[in-house]
Amino acid sequence: MKNVRFTEMRETGQSYWLVQGLLAVVILLGLSSAYYMELNGHWVTGMNNQIVWGLPHVFAVFLIVTASGELNLASIASVFGKAPYKPLTRLAALVAIAHMAGGLMILVLDLGRPDRLIVALTHYNLKSIFTWNILLYNGFFVLATVYAWTMMERRLNGYAKVVGFGVFLWRVILTTCTGSIFGFLVARDAYNAAIMAPMFIILSFSYGTAIYLMTLETLSYWSGRRISDVLVTRLKNLLGIFIGAAFYFFLAYHLTGMYVAERQGVEYFLLASGNVYTWLFWVGQVLIGTIVPLALLYGSLGRSRVVVYLACLFVLIGGLSQMYVTIVGGQAYPLTIFPGYEVTSSFSDGQVGSYIPTIFEALLGISGFAVAAFLVILVSRVLPFVPATLVDSDVDECLATEATQSS
Amino acid sequence: MSNESTDQGRRGFLGTATATAVGLAAIPGLSLVALARSPDLAVDNRSRWGLLIDTSKCLTECTACTTACASENGLVSHGRPATDAQWLRKVQLKDKATGRTLSLPVGCQHCEKPPCVDVCPTGASFRRADGIVLVDKHICIGCRYCMMACPYKARSFVHEETHNQKANAPRGKGTVEACTLCVPRLDAGRLPACVEACQQEGHQAMIFGDLQDPNSAIAKRLAAVPTHQLREALNLNTGVRYQGV
Amino acid sequence: MADFDVPVLGDYPICPVPAIKPDAMKGLKPFAVNNPAHNTALGFPGALVDNWEEVAVAKMRELLGKYRSLQVFLDSCVKCGSCTDKCHYFIGTGDPRNMPVARQDLMRQIYRRYFTAAGKYLPKLVDAKDFTREVLDDWYSYYHQCSQCRRCSVYCPFGIDTAEISMAAREIMDAIGLGQKYTNEILGKNIKIGNNLGLPPPAIRNTLDGIEEDVEDDTGVVVRFPLDVKGADVLLVTPSADFFAEPHIDGLIGYGKVFHQAGISWTLSSYASEGANFAMFIGSYSNMKRAAMRIRDAARELGVKRIVVGECGHAWRVAYSFWNTIIGPFDFLDPKYPVPQHICEFTNDLIRRGALNLDKSANDHRVVTFHDSCNVARASRMGQVPGGQYTIPRDIIKASCNRFVDMASGTIHDQTFCCGGGGGLLTDDLMPLRVKGAYPRMQALRQVQEEHGVNYLAAICAICKSQFSKVLPYYKFDRDMIGGVHQLVSTAIQLGTKE
Amino acid sequence: MLNIRLWVARLVMMGALLGASGLTIAAEAPCKSAVDRGNAASAGDCQAAKEKRFEGRGGKCVEDEHFMRRNHMNLILHQRDETMHKGIRTSKYSLKGCLECHTATRADGSYIPINDPGQFCESCHHFASVKIDCFECHATTPAVSPASKP
Amino acid sequence: MTVVTLLYALLFYAATAILTIGVVRRVVIYARSPAPLRIVTMPAPLTYTGVVLRMVREVVFFESLFKSTKWTWLFGWLFHMCLALVLMRHIRYFQEPVWLGVQIIQPLGKYAAFGMIAGLLALAVRRVCVERVRYITAPSDRAMLLLLLAIAISGASMTFLMHTDIVAVKSFFLGLMYFEWRPLPADPLLLLHLTLVATLMIIFPLSKLLHVPGVFFSPTRNQVDDAREKRHVAAWARDPA
């Protein structure tokens, strides 16, 4: 695959400025929203003392999980020796960094005291899984950058495999810890489950592959660069497997929940009586996020690029729905402090928490995506991240070498 | 241990003071007068403060403890129940099986193994040597993970700018807070505001004291009658106990 | 083959940066003028003057006052090192003095010593030096190891252009009577006779007749190569190498066929039979003007409507960037056309208008790559948009052949590597330098040769063509690989099929 | 070679020019004293006022002024951690202690918040453009006003 | 009025005068010297607006350096941007009231000091460890890096380790500006910092720091690509009429 040439993506011409300008406006709106929320305090958001994490966290966690999945894609070539994916790795590393940055920006700007970011970076409680996450995020940036560097600097190509392996390990640990942010919460019936960690890893595969495919397709369409059908097909098939695996995991999660008496309440809430959460679960997560994309990818239409793109879009919508159900729905279900009692209080005890997101939270969340897109577009314009062309024959050649090597 | 005598003296005092206070509930401020722990000494783990709530004495309509808490700590309501801070709240219970109703105050349970402290990324949530779980607002970044983790929904996030705070209860926008057991009062040898208020009402539903001192009123009561921790199964060994739930 | 080390081409598309080898090229210098007439013809002292230090410093002061570039460039360098690995001569030789910043510093040392407070009082601290004979020798040596290709200026955060410094240095050396034989002798001919080769008009006519015969023999079509035709629409000014040298001459045939096919009347001029203008190499404004003025005079004399310049790098720089200023205004020409116009602009317009019938398959035996000549790529433009100098020649090539590939990015467009023979260094006394300097370009060429089977290196510069035909064999390439863009057009063009 | 005398002459001329423009500013300055210069000098002025008030309360600061101006933040920070985590509530370096001495009172005897414009903390912090984080959470007046003490 | 105050007042008047006069003189020289030929580095903008944009990209993002060497760009850019932040933060010492923008930048600039130090250290390491760069390095280049490092470290130390009386420092500088002298605290770190800064101001117009005005006058960057359309004859190159 030595023929694959990476070049700065300059073909976008004037539209580059237009797109970046629009993204900048979205980012600015997000920042203004964050400023507005900070200035007034969080009472202007939909979040409250019952639902403490809201839409910003839905977006942030989705982006962080996605980023990790993308980095996974980046390491496929190095770790599993899948040479055909090699031309995709640097872009995957870039996209991963960008999505991580977008997600973290949301998280930081939603803090009660974002001005104390320096505190978060200097005070560590190592017993906290959150602290681990902070350290892992920082390492993620470093490792992903070093990985991209080893791929782009000829003299360092030899280290790509080692670094790629490190990157792979790191991101597995990272997503395990991200899942554990919820998994370790003994307080709430919806969480407190070890399966959260592996489920998040599978979700990251699914989200990461989908969002990466969308990014790749968007960039190649925009710049007029040809990306091999063979490769897209392989990625598409991979995505299908991941969607299926994710489905398996949340089946396992909900089924065990329904079995354990302690958790039947919350399962009944999420799956049947939870109004918006129930809807989001069945329509968003199951139908749009799982069944439709599977049908699209494996159906007869699956060979069309547009259909693959749509399937990815549905995975994105399904993923956001799922995060909403998990994060907000999990909090909305009341704590069981007094089993066997009907509970009332002035502090919403015993009631389903109400959460109506405001436009500010939505804008902040969306601006996370905008930041990621802005970064990807900016960096791929000034550094050679995107393959100039990637024709089928390049991939075929690789597959052939792979076949001869393995036989 | 040069200051052993002082410490023991203090513990002895508080135990006595509490007992006396319980006995002489109608006389306000009795426990306030005498010497506290010397202000330049660090707290240690030889005492662990606890609170026992006797639900049989807690009246449904009485809000003396929560009102006292709010006024002692300057918790003003902005008329937005979902975001207003409540360190201590009155919870009304109705047994689904028997229909028995009861009422009790719930706030921070001051766990021995507090989940909020485990999850706090910066170490802002911490447990003082004498068992009080606190938020160091100087390093709280307002991530609210502790609120996710607390099994008792005991914590509040300050959702708006604060003004006219009480000198003894600093609180500010963007940080998380909860019952401090009125730690400044405690350090000065006074009872938490809620306990004092309950006494003043003559209800005697709250007993405060050192769980580790077998002679304290609370320890004696715990030894004498069955009491519960909320969500006992979590094994958090709370500092707040309930009688009659 | 050579009595010096020829760099070995490696696996990389771009050469690795060498370890420094101090003084590796210290001794190498081109012949100095030994016939005083070659200097005096250009207005310089015949030989090194006695009080040369004084004269040189005075000349430097004069130039500092005349050129903002020199003043700003001498002040602004922060030694960031950005340029250190960018010069093809450094990459090829490893001599640290061939790093642009170190080359500039030969002059900056003197500038500091004589013109700045720091250099006057603390010379050691700021690395300032007296203008000694030894320094002068270094000047002569290293300022003649710069092809003024401006690649360093692309990467300099302050836009410092070593070409400007080396031009000033050569002008100062000329001012004290230390001229370079090759450049000054040729420039003298250009100014006196009208072309670098010293060809008299009959010789030119003679060779054009020969070309006409050859074309007719090849194609069966009579294509005229007019000389001194008054009232023609176009005056073509092309490097005189196009009249004699291989492969240049095939380019000239290409121009003729294009004019013929487009039906545009054109002419060459025996009075201004040279596009090249070596005065640029020695920074001599007045001589550059003298040489260029012949072209203006010829255009007036012949009454043409437009001037078209043939394939030549530095000639196009002088024409594009300087003509209007030094010999303008061209108010006597047809204002519809840009003055001057590059032959590639001219041909490309015709191709886009469908005026030429090109059979791409005629070039099917060729796999073509394009060498951006430095003076075209970094010092001038073609067409109406920035970067037209990169797209227009490629568009012509793609219209003339089926198989075209670019060399590695970072070695093309504004980042192109010099052929190694520009800036007045195309002389045999500098052969080791020329071969080593071509190394980065050869490296990039080797990559496309291996990966795509490239067998034709197209260039639009007479110096590039001459240099490559000499240097290619050192790197085990076929010397016939090099050719012009219009040579491809010449092969592809279908004469007479469109009337 | 450089002409030193010419240089000196140029320098003198430039210096004169600069001096003249400086004088112009200086001459102009008193005119706008109500706004700009007033504020420029305010640090010194209100400092003096505060010191008087402070002495009126009888006593001096816990450390000398030279030290406090440079290190008050460290003292407060240290004390904050001691109090927060260890329950050490000595008053020497406590924020409450600062408030008790340095808070000014209005004519009616009520306290003026110490972070109000022109007050003890705010005046210098504003002058130096340094944000005070303390009063995001902490009370800005002493707990009990002298008049209402039981 | 202490001796220290007097000394530093004079030092800063002198340094400011030398800096201003020196740079203005240079700028005048640059502006006055003719640019007789278009020597712009291609591809170049065709309009003046384009040139302004190119200059902005060059000055704000260091476009050419980025194209050249990513590491040098990274460290150089980091250093310069952090320096800019730090300088903006220092504006508060010279105005009352302080602009809102400066107030906002103020806490940010605090940490920029670390970026500045990191950038400078990396550049210094590069000067020592990269053979080519070591070759072109003169003692003055090393001295300049050390001077900037010393300024950054002494400044950051006052922010993070040993505070000085910044209210008095500000009074001193406002006093200098209004010719109404007020005492300068004689803290050793402060005096060191100020001495180094004054040194930098003094050598600015005599050193390679002239790249600051120089970059704006660089003909290869600031010219419009219009040679075929316009004539640019310098006065000295004009034919005698």
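To keep things simple, chains are lettered A, B, C, D and E as they appear, and every chain counts its residues starting from 1.
Everything that follows uses one rule, which is that a residue touches a chain if its C-beta (ideal position, glycine included) is under 8 Å from a C-beta of that chain, and two chains touch if they have at least 3 such contacts.
All values reported here derive from a predicted model rather than from experimental measurement.
A.B. asks: Walk from subunit B over to subunit E along touching chains and report the minimum step count.
C.D. replies: Contact-graph shortest path, subunit B to subunit E, evaluates to 2.
A.B. asks: If every chain is reduced to the average of its C-alpha atoms, which one ends up farthest from subunit E?
C.D. replies: It is B.
A.B. asks: Computing the C-alpha centre of each chain, which chain sits at the greatest distance from subunit A?
C.D. replies: Centroid comparison gives C as the farthest chain from subunit A.
A.B. asks: With respect to inter-chain C-beta contacts, which pair, A-C or A-E, contains the greater number?
C.D. replies: Output for the comparison: A-C.
A.B. asks: Specify the chain with the shortest distance from its C-alpha centroid to the centroid of every protein C-alpha atom present.
C.D. replies: E
A.B. asks: Measuring centre to centre with CA averages, how many angstrom lie between subunit B and subunit C?
C.D. replies: Computed value for the inter-centroid distance: 87 Å.
A.B. asks: Using mean C-alpha positions as chain centres, tell me how far subunit D is from subunit E in Å, no decimals.
C.D. replies: 31
A.B. asks: How many Å are there between the centre of subunit A and the centre of subunit D, using C-alpha atoms for each centre?
C.D. replies: Comparing mean C-alpha positions, subunit D is 49 Å from subunit A.
A.B. asks: Could you tell me the distance, in whole angstrom, between the mean C-alpha positions of subunit C and subunit E?
C.D. replies: Spacing between the chain centres: roughly 38 Å.
A.B. asks: Two-or-more-chain contact residues of subunit E, please, as numbers and ranges.
C.D. replies: Counting only residues that touch two or more other chains, subunit E contributes 107.
A.B. asks: Two or more other chains touching the same residue: where does that happen in subunit B?
C.D. replies: 173-175, in rising order.
A.B. asks: Within their complex, state which residues of subunit E touch subunit A.
C.D. replies: Residues in contact with subunit A: 66, 107, 111.
A.B. asks: Looking at the complex, which residues from subunit A come into contact with subunit C?
C.D. replies: My answer: residues 2-3, 5, 7-8, 154, 384.
A.B. asks: Which residues of subunit E touch subunit C in the complex?
C.D. replies: For this pair, the touching residues of subunit E are 26, 29-30, 33-39, 41-46, 58, 62, 64-65, 67-69, 72, 76, 126, 130-133, 135-141, 143, 203, 206-208, 210-211, 214-215, 217-221, 225, 227-234, 236-237.
A.B. asks: Within the complex, which stretch of subunit A touches subunit B?
C.D. replies: For subunit A paired with subunit B, touching residues are 38, 40-43, 48-50, 52-53, 107, 111-114, 116-117, 119-120, 123-125, 127-131, 134, 181, 184-188, 331, 335-338, 340-349, 354.
A.B. asks: Give every residue of subunit C touching subunit A within the complex, in rising order.
C.D. replies: By the definition above, subunit C touches subunit A via 12, 408-409, 451.
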